[in-house]
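In what follows, structures are represented as structure tokens.
Both complexes below contain chain A, partnered by chain B and then by chain C.
And now, the complex of A and B:
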């Protein structure tokens, strides 16, 4: 078996552990599924009339508009939960087991990110299922759904990289958990929950340049209107930007952790 | 070739020198006891030898590989069970060993077979599919040990493997360590239990405040600070007469009470018969006789000027013979 194949086996094994860990620890699972689902239900039920506001993009229902936001919220919290789980591993010494194994250390981060990506994948399926069950349509059909799933999965991995970097740098689950409000701020300062056109300054300007907004529009487009190559490209570039940032920070944090023990 | 060679190893944390130029050599196939109180530098040294921490000075090789330049080769040659069993309470025992097998690059079928064998070996086969969080402390340590053995390492690092365990669990771990060593595994064992080092180790190094203060076999270290002595409780007859008899056999030490005499002997248990026979010939009855050997604690005190904390001391090492 080639070294790459061996390393990919390690990534898969660590990814599977990460998924099991999330499903077996309700406090990690709840923010990924329960919280965004409740918020989606509350917002859809309470603010459905917003779709009639001038400037609101044409949609069949508020749920159709909101489902991309719910996916974003879920993947952001999946990234945060992945960071918390990694920090717990550091606190209880489990990462020592990984660091003392003859594997490239990047596989440890990639394994965690693979798990977070899988959670993003599940989240995308979950919210698409909810949307379809409650009557929302996916404008671009199966192709649109697949694009949304792919973008959400990739973004979950990208955001997980930032969560992993913070976990590796601080080694503290409570610090990573403390970033939860910041996750919400980043979400609300994007077009996840409200169209950018209807925001007021300075939130509008921030949301316009928030990389998450590009991803949201890339996911939302195929659901509410159709596949737009430019929107899709912007989303992919935004994800790549987050991936590069996350991996660079993770690599730096990993070096720091190995230096300080 | 020695299994471990350490030359001038140092580690500084924020200007504090935690390990100060440690030199060690561990032969292939031996159990090496690394003894010292909490904070002495044991764990820091082990973390450097297991590539978990970069040294700030000196060098070390493990299984012939440099711990800095050839870290991955070192990691392929060693098994590690650290002070706090590094286990995920949400995994089952079987999942953990299989993950460890994957981390060590074992093919799937071989990993599963090794996991089953090891779980059986450490008597965890029945609990293998339970979550680790439900295991007792002793079971967790045995699982940690099994995980460290999954790839049959040449050198096994055990960092305080029995700390916090009850005596029965501690004895079980000791037996397993002896068995592993009999099978050819070199064991680097850190401990704060003097008795543990004495029972298990072929060679011992004592570390205190980051410095190695003594190194050698337990017997040679104890011999450095004196010979064993025989403690005699006399049933009748004068102490003075008994002392005169015994003075021809060994050096008399100051007595602790009016019925007791202490005779330092060169040959330990080999001199007991001579003492008993001489007293019997002189018509002096002995109520009890005890051979008291110097302990590693005595060595520790002699080398560092202080005892290990009271709750970490071993039981007194003695062989009591009812006369």
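And now, the complex of A and C:
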């Protein structure tokens, strides 16, 4: 078996472990599924009249508009939960055992990120199913749904990279958990929950440059209107930017972790 | 010096409640960082909802032109919900660490043990409420007047007591901090499936139906009245009745769980 194949087996094993961990612990699962679903229902029911505002993009329903935001919330929290789980592994000494195993160090981080990506994939399916069950349509059909799923999965992995970097740097689950409010700030300061043009300043100005807004628009476009190559390109570039940032921070944090033990 | 054991019954009970509240206060003073999420979360929700959904006031039928005035009592009550649910998480931690077992073998009545945790949560909820209120006033929310302010604070303290009863019931049933998401999600659903985001007539039909039967809708309307208009008894008493009803039901459940735990 080639070296790459062996390494990919390690990544798969660690990824499966991370998925099982999440499904076994309700405190890890709740932020990824329960809270975003609850907030989606509440915001759809409470602020659904917003689609009558002048300037609101033409949509079938507010749910159709909001589902991309719920996916973003879920994947951001999946990234945060992945970071918490990695930090717990560091605190419990499991990561030390992996460091002493004859496997490349990158597979340890990649395994965790594969698990986070799988959770992002699950979140995308979950919210698309909810949207369809409750009467929302996907304007671009199957192709649009596949694009949304791919973007959400890739973003979950990218965001997970930043969570992993913080976990490796601090080695403290409570520090990573403390980032939960920051996740909400980043979400509110993007166009995840409302069209950018209708937001209030200064949130509007910040949302315009928030990379997450580009990803949200890339996911939302195929759902509410159609596949737009420019929107898609912006989303992919934003994800790549987050990936590069996550990888750079993770590599640096991994070196730090190996130095300090 | 008199100890709780040498005091007459009612004074011993009050002394025990005061001691339990002092313990909760010490937790806050010794680990101030632990209070930060409870303060931050409602503040972020307030700023976020205001920035995101502020344009909703342009909808025909909206009762005020300032969304920050409309949403601030919701965020204050959310802070109360988070704080009360946190009392449940703390109780679950105490159960896991064996501290509650020691309390349960003491001669203190069960309702006294519960009252200590619930009243501590009520007092603690005033911290996030005040923080959110100050931020909202700085951003231009309407001054509710002394009457409106007192009503809002009363609703916050009582809502925290309701949340603490809810959290304690779950903590006693599951005996694990893993139940924390259920404590938080329950309160979030109870507070937000109301007229939290928009007036009743502007809610989606299903949400309107839920909000009409959700007792917390009356609590929100009572807490909100001073911020969006005048204060009246007609707007206040339904909120008071709703909170009393919730306290009776959830308090009875928590006591039942406590007796079951002791058995």
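Note that in this section the second predicted complex is superposed on the first by the 261 of 261 C-alpha atoms of A that agree within 3 Å, B and C clash if a C-alpha of one lies under 4 Å from a C-alpha of the other, contacts with A are read in each partner's own complex, and residues count from 1 in each chain.
Here is the rule we use: contacts are C-beta pairs under 8 Å (C-beta built on N, C-alpha and C of every residue); 3 or more make two chains touch, one makes a residue touch a chain.
Note that the coordinates shown come from a computational prediction; the quantities given were computed from them, not determined experimentally.
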Three-chain arrangement built on chain A, chain B and chain C clash or fit: fit
Partner chain in contact with A:193 - chain B first, chain C second, else both or neither: second
Larger contact residue set on chain A - chain B or chain C: C
Superposed arrangement, angle subtended at the Cα centre of chain A by chain B and chain C, nearest 10 degrees: 90
Touching partner for A:10 - first (chain B), second (chain C), both, neither: first
Which superposed partner A:25 touches (first chain B, second chain C, both, neither): both
Partner chain in contact with A:43 - chain B first, chain C second, else both or neither: second
First, second, both or neither for A:259, with chain B first and chain C second: first
Partner chain in contact with A:98 - chain B first, chain C second, else both or neither: first
Superposed arrangement (fit on chain A Cα atoms) - minimum chain B/chain C Cα distance in Å: 14
Chain A positions touched by chain B in one structure and by chain C in the second: 25
Chain C-facing residues of chain A, complex: 25-27, 30-31, 34-35, 38-39, 42-50, 52-54, 62, 178, 180-181, 184-185, 187-189, 193-194, 198-200, 202-204
List of chain B residues in touch with chain A within their complex: 13, 44, 47, 50-54, 72-73, 75-76, 78, 80, 82, 84-88, 90-91, 95, 99-100, 102-105, 107, 131, 147
Residues on chain C engaged by chain A in the complex (per definition of touch): 36-37, 40-41, 44-45, 47-56, 58-59, 67, 177-182, 185, 188-189, 192-193, 196-198, 202-204, 206-207, 210
Chain B contact footprint on chain A (complex, rising order): 1, 6, 9-10, 13-14, 17, 20-21, 24-25, 89, 92-104, 258-261
